[in-house]
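Naming follows writing order (A, B, C and D), and every chain is counted from residue 1.
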């Protein structure tokens, strides 16, 4: 028997409308960064340890003080109702069942309240608006519903160009409730509602002060930016190139992680996403110093093909893989994974 | 929608006579250097900056004191009347409309006066002749018509061999007025009219003294040669391997640029060409220290397929790409692009 | 005439049941490590020596005090009766005829006594059991039959997942006597009979003390683990990633060998396996400091296609190749092979 | 028009009997070294010099005191009568016409006297025999006929195995006079006539003393062996892996050259062969410190397809290429080619 995860993208391509599948799969411009993401994890080779006691393997990890049973966390992706009628709620159910963490996109088609009702541990992702107060209703609603952290996506002063071919795009198919479920009525009609193009460290401070939640800055690829985030009071930085959807040609996150960890790893948590697909990739991320690894597309494909059960299955399969990987590497827990496992 | 630029070469191959298209596309011998040029730009990966104010993006740049609205400058290529009846004049119109800079080949089929009449900012490229005074009429005519600089092409003591197959070449098709429009009558019939094989720094001095224009030395790949040019009074050096048309196996210009900038970048301007095709390549060139990047073939293909409007469209599209790229890289202008953007 | 060894895998694929061939060929998960093993040997280039006396070439080598006529030793592989009715006994006959060394898998389908009767020099491979004494009967039986050493396979706290497709697996075809011929009746039915997951250096000491045989630790890829083995009294460490069948993504053994030799090479013997297929690979292994190189799959394929004679032919052909290689490298014996032969 | 040299191998494949063509083309075993030879030259990239006087380009070079008009020298290859009825004599005519140097194989099918009669400058290649005096008649005959040097091939204590397929080999087709034209009658029938397997530096001394000719040691890939040759009185060392026909996996000569030059370049001349096919390769060889570059197969293919005229044409074309290359690199002669031309 093969892996559930292995044919996932192909199966999603089969069942989803072409425009929807393309929206999720595509990277910006030539998809350079998207297509290099997984390969950068795969390049690493391991030096497994032997003669260690791995009788008890513990997969638990802690992010921002919350314990996760499953260390494969789920990154924010917009438009989940495009792949499943219940969208983010169905996603939340699968994640909750697996014991992982969900980051809810600001473009969610489900409300924070409905998501929270599944019992999932969740964070709220936000794009800060040109007119700062315009994003506050979303944040307050998230906090009230139980979001444990705010994720500030910092890599999107403008949305990276994607090349679509002929035919309809997801925006032609999008139903009214596919996104923006957590925004007040009329949001989006004023220029101040647009994504801010003048973000700075002061916005990190402002978000922390205003929401009283830990602030995670997502989209950081550089050590100097990580330092600026840490100094502005970020609780964590998230090494991401937005799944290759913003600057095409951005370095692979697997190649950026270590320098960021070296700079701020003692002060804040460091997460990573981008092309993470297997337990081995997650081990690599932890070996390079990450506290958590996130996946964007695979959970969406699992949701689109098998609903909540698919999401749970995906995460469960990865848990099993990770248990085996840790045993074979001589590590009874992710905390024991260090850079010394990598062959360099 | 895809990029206008992406199918340009293929569309040019469709509309141009085979011998004409081949003339523009081909490199010398095995086309090693031609085929590696773009790949050398593509190799670089970026570390975009976040949390910067990119509300105002300014594409303007300055070369030899002249401000360009569009930083994609156009390198000299001979025989533009082979692809368009109005040749260099039509090219000039498109460049002027885009707000860029044109370098007119010494083998132009249009006169400097007609080119100048389009309002374009232009420089005149020259091959210094075996008998030095033989090239003066061209230079004086250029200066009189308003050329802002002289470009001395230094990499062509002999024309690199190209392998043509069977069938006619561009020289079989060439109409009488396709080139040499700016030379006096009878030019080319005396041995002294041939390209000099004994160029030296003294020719740079002589050109500057004689023309009273800034002299740009084109075809420099080495730091030591750049130093000799700077000491001879060049205003700029232009890192070029002639589009891969001279020594086949010459290093990619993207790989030569940095050493030249390190040697003379504080004293003279440094330009680059060779395989530049996208805004990302231009950003890379500036990150490696170039003051300006030039393109040879793409404007010719745009001219050959859509005339002046095609040239303007090509440059406008690149401007739009560049605005997005600079925003995503956290740089409000090209002046803010430094080597720190590159992942190494 | 080509090499006997070259078409061996293909011929085995032809004559063996698909499930049997697949079992031997496959690596764990994506077969990354399996498929990289030979390539890592092939990467090395040589600087042959000239003007040396190679009139007499001596292939003999010594492992743990025993002299081998043929330096291509045979690694333990389970289930040899799946490819030949007489299984390990037929294998032993071929190895004995060639003058090489056999390591008998703990999952042998032939008894140590029958194997010993062929006159082969052999060692016994063991998986230490969760309940330590459970593995003693096998070890005592091996010792009594004449095993010269115990090989503790340390890389298997759990068996690495293999992806089989549809159809039967070897376990569906396995006859009753295909494995476990050397275990006492009823072995395997108690939980303590399972592979230990808490192996440590103390087990190396215990094995040496209990069996009074030299203990070889197989599956070591790291210098620090090699050090721990040496300090625990191992007579040798065996650099192996189990033919790519345990942690997929483990480094190629050719790339691990040198660091292990640097750490413990002065104190214990160091062996290597994984993708060794030619005399050149064996020379490379010795150049990198190995005392012996082992092969797993090729002897099985030789056994499956041509029986004992095939095994002898394979080893004999390699001997001839090695004689030629040593002459062309200017080395009259393997002992004269050093790292200076490699181009770096 | 393409290069005469480019289709040469294909044309030779067309006109020569398959067994003959295969004999010349093949490398030992997997042809690893043969197939990597040219690629190793091609890997180098150049930094052409500009603003140099290249009005006069001088291709002359000097080897062992003899001036060559054409710097593409011809390595010894056996059995030239297999490709042309007049064999080595026809080869000599072409080389003489081009003004280059011929090294006559000890397995020549033409006599030294007939070769000398063409006026060609030639050296005699020798395999020293197990019984040393057995090779003296050949050497004395060569010297008497005018050979200017002796080339001791040191890389062949045994002939490297080649894998032939089905069908006849060159030895089945070989006519009586295809080789050994310069040996006394009955040569080859005594064991002492076999190639020596115990060559040492003393044989270099002995050859020099006995023949009173400069001795060139061919087949040296290592700096330490080059040193031993120089100390034994060699006039030159020739970096060669025998066209990939001896140890398969030997490093590319382009990768060995520099270390040999660094070791002995101040004391003896250093030559190189292996995969040299273009003027650029020859320039690379000189840039890395070689005094001369030799070609083995291409002149044979030229001889087989177009006779003496083909050989002359091949060498003449390369001369023209080299003139252009030197002009474009800013070097008026090969003596001005240094390592600074290479991009590193």
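By definition in this document, a residue touches a chain if its C-beta (ideal position, glycine included) is under 8 Å from a C-beta of that chain, and two chains touch if they have at least 3 such contacts.
Since we're looking at a predicted model, the values are computed, not measured.
Visitor: Which chain has its C-alpha centre farthest away from the C-alpha centre of chain D?
Guide: Centre of mass proxy via C-alpha means gives A as farthest from chain D.
Visitor: Can you check whether chain B and chain D touch via the same residue numbers (shared by over half) or via different ones?
Guide: Under half of the interface numbering overlaps between copies: different.
Visitor: To the nearest 5 degrees, please report the angle of the rotation taking chain C's Cα atoms onto chain D.
Guide: 90
Visitor: Indicate the whole-number Å distance between the mean C-alpha point of chain B and the mean C-alpha point of chain D.
Guide: Inter-chain centre distance comes to 44 Å.
Visitor: Whole-Å distance, chain B centre to chain C centre, using C-alpha means?
Guide: The separation of the two C-alpha centroids amounts to 62 Å.
Visitor: Quick check: what residues of chain A touch more than one other chain, meaning two or more?
Guide: Residues of chain A touching two or more partner chains: there are none.
Visitor: If each protein chain is taken as a node and each touching pair as an edge, is the resulting graph a line, ring, star, complete or other?
Guide: Chain contacts: single closed ring, each chain with exactly two partners.
Visitor: Could you run through all the chain pairs that touch each other?
Guide: Every touching chain pair, ordered by label, is A-B, A-C, B-D, C-D.
Visitor: Per the contact definition, I'd like the list of chain D residues that touch chain B in the complex.
Guide: 1-3, 42, 44-55, 280, 321, 324-325, 327-329, 343
Visitor: Would you tell me which residues of chain D are touching chain C in their complex?
Guide: Touching chain C: residues 32, 154-155, 157-158, 160-161, 163-165, 197-201, 203-204, 217, 219-222, 225, 228-229, 241, 246-252, 255-256 of chain D.
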